[in-house]
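Down below are the structures I want you to see.
Two complexes, one shared chain (chain A), two partners (chain B, chain C).
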Partner chain A sequence: MNNTYDVIIIGGGATGAGIARDCSLRGIKALLLERSDISTGATGRNHGLLHSGARYAVTDHESAQECIRENMILRRIAAHCVEETDGLFITLPEDSLEYQSVFVEACRKAGIRADVIDPEEAIRLEPSVNRTLIGAVRVPDGAIDPFRLTSSNILDAKTHGAEIHTYTEVTELLREQNRIIGVKAYNHHTKEEERYYAQVVINAGGIWGHGIAAKAGITVNMLPAKGALLIFGHRVNHMVLNRCRKPADADILVPGDTISLIGTTSSKVPFDQVDNMVVTPDEVDLLLREGEKLSPQLAQTRILRAYAGVRPLVASDDDPSGRTVSRGIVLLDHATRDGIEGFITITGGKLMTYRLMAEWATDLVCKKLSIDKKCQTAEIPLPGSAESREEVDKKLHGKPVVQRRSTIARHGALAVEIEGNDSYKNSLVCECEEVSIGEIEYAMEHLAVNNLVDLRRRTRVGMGTCQGELCACRAAGLMGRKDPVCARKAKADLANFLNERWKGMAPIAWGDTLRESEYTTWIYEGVCGLSDQEVITEKTAAK
Partner chain B sequence: MKFDTVIIGGGLAGLSCGIRLAEAGRRCAIVSQGQSAIHFSSGSFDLLGQLPDGTPVEDPAEGIAALEKCAPEHPYARIGAQACERYAEAARKLLCEAGIPVSGSPRRNHYRITPLGMAKPTWLTIDGYLTTPSPEVLPFRSVCIVNVEGFLDFYPEFIAEAFRRHGVSCRFASVNSPDLENIRRNPSEMRSANIARVFDHEQNLDRLAARIREAARECEAVILPAIIGINRSDAFEVLKAKVDLPLYLLPTLPPSIPGIKAQQALQHRFRALGGEYFLGDSVLSAEVEKNRVKSIRTVNHGDIPFEAEAFVLASGSFFSRGLIATPDRIVEPVFGADTDFVPNRTEWYTEHFFDRHNYEAFGIRTDRSLKLLKEGSVMENLYGIGAGLSGFHPVQEGCGAGVSLISALFVADRILNSLKS
Partner chain C sequence: MNIQQNTVSENNFEQCIKCTICTVYCPVAAVNPDYPGPKQAGPDGERLRLKKPDFYDSALKYCLNCKRCEVACPSNVRIGDIIQAARIKYGPQRNTSLRNFVLSNTDLVGSLATPLAPIVNTAVALKPVRMVMDKVMAIDHRRIFPKYAHGTFTTWYRKHAAAQQAAYPKQVAYFHGCYVNYNNPQLGKDLLRIMNALGYGVQLLDKEKCCGVALISNGLYKQAKRQAEVNMASIRTAVNGRRLDVITTSSTCTFTLRDEYPHLLQLENEDVRDRIELATRYLYRLIRENGAKLKFREDAAPLRVAYHTPCHMEKMGWEYYSIELLRMIPGVEVTVLDSQCCGIAGTYGFKKENYATSQAIGEPLFRQIEASGADLVATDCETCKWQIEMSTSKPCEHPLHILASRLA
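Take a look at the complex of A and B:
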């Protein structure tokens, strides 16, 4: 096995995936190592908001500028991951209208289009908005699907020669004098230890980057800030809704696919808790209370799931809330900072600036490797975004309309790769999210799906209102078809999936959610006889 | 409208109670929303599979006696072990007389095989479904597991994986039919009930039998998903005769054909005995006077109240909305009756899906004769039966169907006795 590369990227979030793509487009041989599946950290646990930057305009001019630039780039290169909804910053009677003018001026200074519209116009544009609003500003916010975005970056990186190893956890940085020469990693599938070597190792581990740097004896002072969110069972709003005031808890409501998301809270958490994010009843209550101010309809809307991510903020002061810390990008060259060659850390930033972070990190790699190649990721569309939805739609003319619509929405131009010429392949596994057998087979074959939770991230199977009630079992059945080993694993996987889903449902398990949970228990534990004994605990920490 | 008894809820509990009362000549009405747990039936009825502490139960009657000590609030414990055994036997007879041919004994559990191939202890199983006297022993050494092509709610590979652990050799066969292509054209229609309709037709049964005979040539037995005979009740017998090999059914994911058929059979029996079944109706309000329910009003019968001597609440738990969970309490929506629950929501469940969760035992509060309470006072003529009762974990303990049947017959007796006196 050839285990030598130009760079090793640690972390399969949007940033790591973006670096893998950028490197491979510049002819740099890259290996990406991810301890779990792609987009399992903060990448997959946020609003999915295509920030215009308006939210930061008043408090952080630089971040606001970065956001609007990247916003415009992503609309071009990642069109199939983006929904151009626009957003409203609303002023409620309890807020001050004076802030609105400060806000609008700051937006314009950062290059963000900000149109003041009157409340009636806002209600017409977004009927779900709180009708007591006294002011509204329209900005180019949107929705972005972080799973799709990361997956496309990974696909393109692979096409251009990068190697991606998921479920491979870096346990040690290999060091020769003052140089990091590679990593030791534990493969959770083969249960074996592997060694990989490279001229540069990039730490793109998000909040876990703190621990990765520590393996080189380096301290990167991070501030783990937990952000909790709630997902609602249908799409309440069609435009992003924000409060026009200084950023606070639960003041962004983002539509995405078939759902809406409210978030976030912000609280400091200890490092030993970052793998164990549980949403508390207090956080749920706060999110609901504040969310209903943006859109009173939320009070009558079913909550599907609660979840929390950890922002990888770099601590610059000891603000306990983590809100005044800059969302700016932090690129650390440990050669100049700590005297250790061959090791860099890219952190801070946010989903919106993942591409720019990747560009900065790759620029530094190029400098170190004396490669003179320009970044092209702002120009070349991602796979799936090379053609417009209309063009793809024409190519898929023979397919039933439901599968055509949903696969184009999820896979863009790559929807043509999904088999769907016969009624079997077109059969729906997941009715809420309209996922067909063909799409699941495509994901299993091309999108590095190892289990049902991975499959959910690639296809949205089990993400709809039923939360995987029956489709989880159907998908497990498809995954278990290959051989007896697969069947045994798929059963265990199904039990794991249900456990994983329940974590997001437990904090909000009353009303219809409790009702669905009771039903799920009847079906899986009762009718199917599935039990705890089937659960495999994937150890995230290699011993 | 005047009745002797009005039952709210037309699932397994409500129908069994109604049948028992109608058999005794009482004028009975059932008001049913239409959705009940019997629609997800596995083809078996559990009595008791496990004690609350997880001890497996082989002899349910003995297990129920143990509940009197270790779980005094359990509906079985309140009804009493001896009475439970008596009602269990009466329930088996009731099911058989309704045209649901079941076998089993309250003194010894047998095992049903699940759609994933697991063995679960149970009490009564409908004829034709695969059962075993012990979880390790199957009645064949080789089997052909048949599925309909593209049917995703049945899992031959999972079943084979479990069977092979017990040394059974398994082979697979899939069947198709031109009529299935019509269903397949709509991508969400390949579900059990639609497929079963296809196999109600003789020529499709013929085709199925031919395919099975060909595929199962060297096997001792054949397994089929429960997709046979939804409207035509002799379909399974006809198929068996054509195949000429031991043929067993296994349940599928919902909709459950044995569940739908059991519901229809019970409904039919209730009506045949003179009962009135109001399907698709739900209760709006109740008139209560001095701890007695005088009448109820429903959506479909607006101004015409249902009056009766006795009322039975058989509206189920959360799924059928017999119980409603708000963020801080459990509500019984028809009468606003008292409920048993823990106020602090964080204690309703643990973070592991497969744990025994407290919420599963929440439900309506009743006295020893299963009369409901409201603001602490006993409601003189209002009884609770079935999944809505508090004090038991239907899935973990494997006692959901048993509690429904036994509480239904117990309350029917109470009502008959009170009318006598």
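Take a look at the complex of A and C:
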């Protein structure tokens, strides 16, 4: 087995995937190692907000500029992951209108279009907005799907020769004197240890990058800042809603695919807790209390889930909350910083700047390897974004309309790859999100799916209102058909998927969500006989 | 703190927990694979339509609006309303096909047809005429049209009945509907006979328009709302001004006036809703609760009647009253057919594209009717009557017609 590469990228978040793509487009042989599935860290646990940069305009001019530039690039290269919704920064009676002028001025300085509009016009544009607002500014915010974005980068990287190994956890950085020459990794599937070698190892581990750097005896001073969010059952708003004030808790409401998201909180967490993110009742209360101010109807809207991610902030001053720390990109060449060759860390930044982070990191790799190739990731569209949704729609006329639109929203131009010529392939696995058998088979075939949770990230199976009630067992059946595993393993996968769904529901388990979860329990324990599985004990414990 | 104290939002679809019982009970989903079924078309689809209106699926037109999904739903989701409201909000906004216009404008077509009833009835029964209607208007040639009466119920009422009504000690208002007016004035006469026998005079509303059910299902919402407003004004005058209850002989008219007006046309009727009653229920209560008495003929031959529950009757939960009323008639033996859709659903079954679905839906009912050994079928819905008479060997009558014919 050839285990030598030009670069090894540690971390399968948006940044790692972006680096893999950038490297492979420049002809650099790259290997990406991810301990779990792609986009499982902060990449998959944020707002999915296509920042215009307006939020940072007043406090962090540089980040704001980066955001608006990347915003415009992503609209082109990742069109199928982006929804151009625009956003409003609203001033409520409790806020000061004076901030609005400071805000607008700062936006313009950063190159962000910011139009002050009449409160009545704001209500007309976004009927769900708090009608007591006294001011509104329209900015080019949008929504971006981080799962699709990461998956597309991975797909393109693979097409251009990169290797992607998920469920492969780096346990050690192999060192020869003052040089990192490769990594030792544990393959969670084969349960075997593997060794890979490269001229440059890139640490793109997000908050876990702290621990990766530590394996080389290097300290990257990070601040793990937890951010909790709530998912509402359907779209409440069609434009992103922000508060026009200094960034604070729970002041962004984003319409993301079929749902709306309110977030976030911000609290410091110890490093030993970053793998154990639980949303607390206080956080839920705070999100709802503040969320209602943006859109009062959140008070009556069914909540699907709560979840939290950890921002990989890099300390630049000693603010303990992590709120005022720079969101800027941090690229560390450990050769110059720490005297260790062949090892770089890319961190800080945001989902919005993943591409730029990848560009910086790859530029540094090129410099180290004396490769003279320019970055092209700002120009070449990602797979799926080469054609407009309308053009793809025309090609898929045979499919039922709702399914067609859903599939195109998820896969863009690649939706044409999904088989759907007969009623079997068009049968629905996930009814809430309109995921067909054809789409599941496509994902299993092409999008590196190892288990049901991976499948969810690629297709939205189980992300709808029923949270797996009807689709989980169907999807499990299809998984088993493609790759026959023993019944025990298949059951464990199903139980794990349902537990993961329950984990997000537990903090907000009341009303219809609780009723539905009880029904789900009845189906899986009573009908499917999962009752001897760990699903029961864990669920009771969570309750 | 008052966070999420009341999580029941206006978006009633949020209460759906995807149990899918509605789809099991949907008569269309069972026979037409092009219809995604009420769960998919209703709560699931609504969530996607809220994302973007272009998730509207034109297959929603296959919904019969029978509301059997709502009856089945254990979570109180107004599935049928969600589907109909989506058709109103997202569906084709201009529905000007000649066929839909003719089928849904029951008032206009009825007033044109009744003076020429003998000619119209003969013409639409002719095979060549039906073939032309099939080709030109897409009204299925196999569908048998209800006969028009020669002269309307209202004309008869004014000439022969109005003057006598004031003599009765108690009064009630009657919403006769298009069917009684243009097709079956006899049913209106039957009602008068029964009410008069109980000491009630029957008055008409100041102004009555078609309830609009056909307009709603054919996408002519604005006209439906205009007509509904006229009806509500007349009903309010009757209830509040003239202190009268309003009774109807058609289950669908009753349902439309009471429930579809507020749910689909956003026309509030809370103040008078309880005063709009189905005639059989009104009579049952007069007899059972107020001790009113009817005298029946003793010499009438025994009659075996099979009662068919129309969908909107099922939705109101009122079939009991019609059945029990029939059971009060000496010599009448009543069996109750399984409650299932007959398939016609008003104008639905007249349309060429729906004919096969319509007949397939009704098939189990037709079989049960044939096997019942009944002399005739009774039902409170006029379109069910047409469907049953066309598709089985039995005649079908309104319970009040049977009752009136056996009064002493």
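Just so it is clear, the second predicted complex is superposed on the first by the 524 of 543 C-alpha atoms of A that agree within 3 Å, B and C clash if a C-alpha of one lies under 4 Å from a C-alpha of the other, contacts with A are read in each partner's own complex, and residues count from 1 in each chain.
The rule we apply is simple: a residue touches a chain if its C-beta (ideal position, glycine included) is under 8 Å from a C-beta of that chain, and two chains touch if they have at least 3 such contacts.
For clarity, every value in this text was computed on a predicted model and none was experimentally measured.
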Touching partner for A:272 - first (chain B), second (chain C), both, neither: neither
Contacts of A:424 with chain B and chain C, given as first, second, both or neither: first
Touching partner for A:390 - first (chain B), second (chain C), both, neither: neither
Touching partner for A:477 - first (chain B), second (chain C), both, neither: first
Which of chain B and chain C A:521 touches, first, second, both or neither: first
Per-residue touch tally on chain A - higher for chain B or for chain C: B
Touching partner for A:490 - first (chain B), second (chain C), both, neither: first
Contacts of A:301 with chain B and chain C, given as first, second, both or neither: second
Touching partner for A:502 - first (chain B), second (chain C), both, neither: first
Set of chain A residues, in rising order, touched by both chain B and chain C: 400, 402, 423, 428, 431, 470, 510-511, 515, 519
Partner chain C, residues of chain A touching it in the complex: 233-235, 255, 257-258, 285, 288-289, 292, 297, 299-303, 400-402, 405-406, 423, 428, 431-432, 434, 464-466, 469-470, 510-512, 515-516, 519
Chain B to chain A touching residues, read off their complex: 37, 40-42, 114-116, 118-120, 149-150, 152-153, 155, 157-158, 160-161, 164, 181, 184-185, 187-188, 190, 251, 253-254, 256, 317-319, 321, 324-327, 345-346, 348-354, 359-360, 394-396, 400
In the complex with chain A, residue positions of chain C that touch it: 1-4, 6-11, 14-20, 33, 36, 39-40, 43-45, 47-48, 50-52, 54-59, 75
Parts of chain A lying in touch with chain B, wherever the complex brings them together: 278, 281, 400, 402-403, 423-424, 426-429, 431, 436-437, 470, 473-474, 476-478, 480-481, 484, 486-488, 490-491, 495, 498-499, 501-503, 506, 509-511, 514-515, 518-523, 525-532, 535
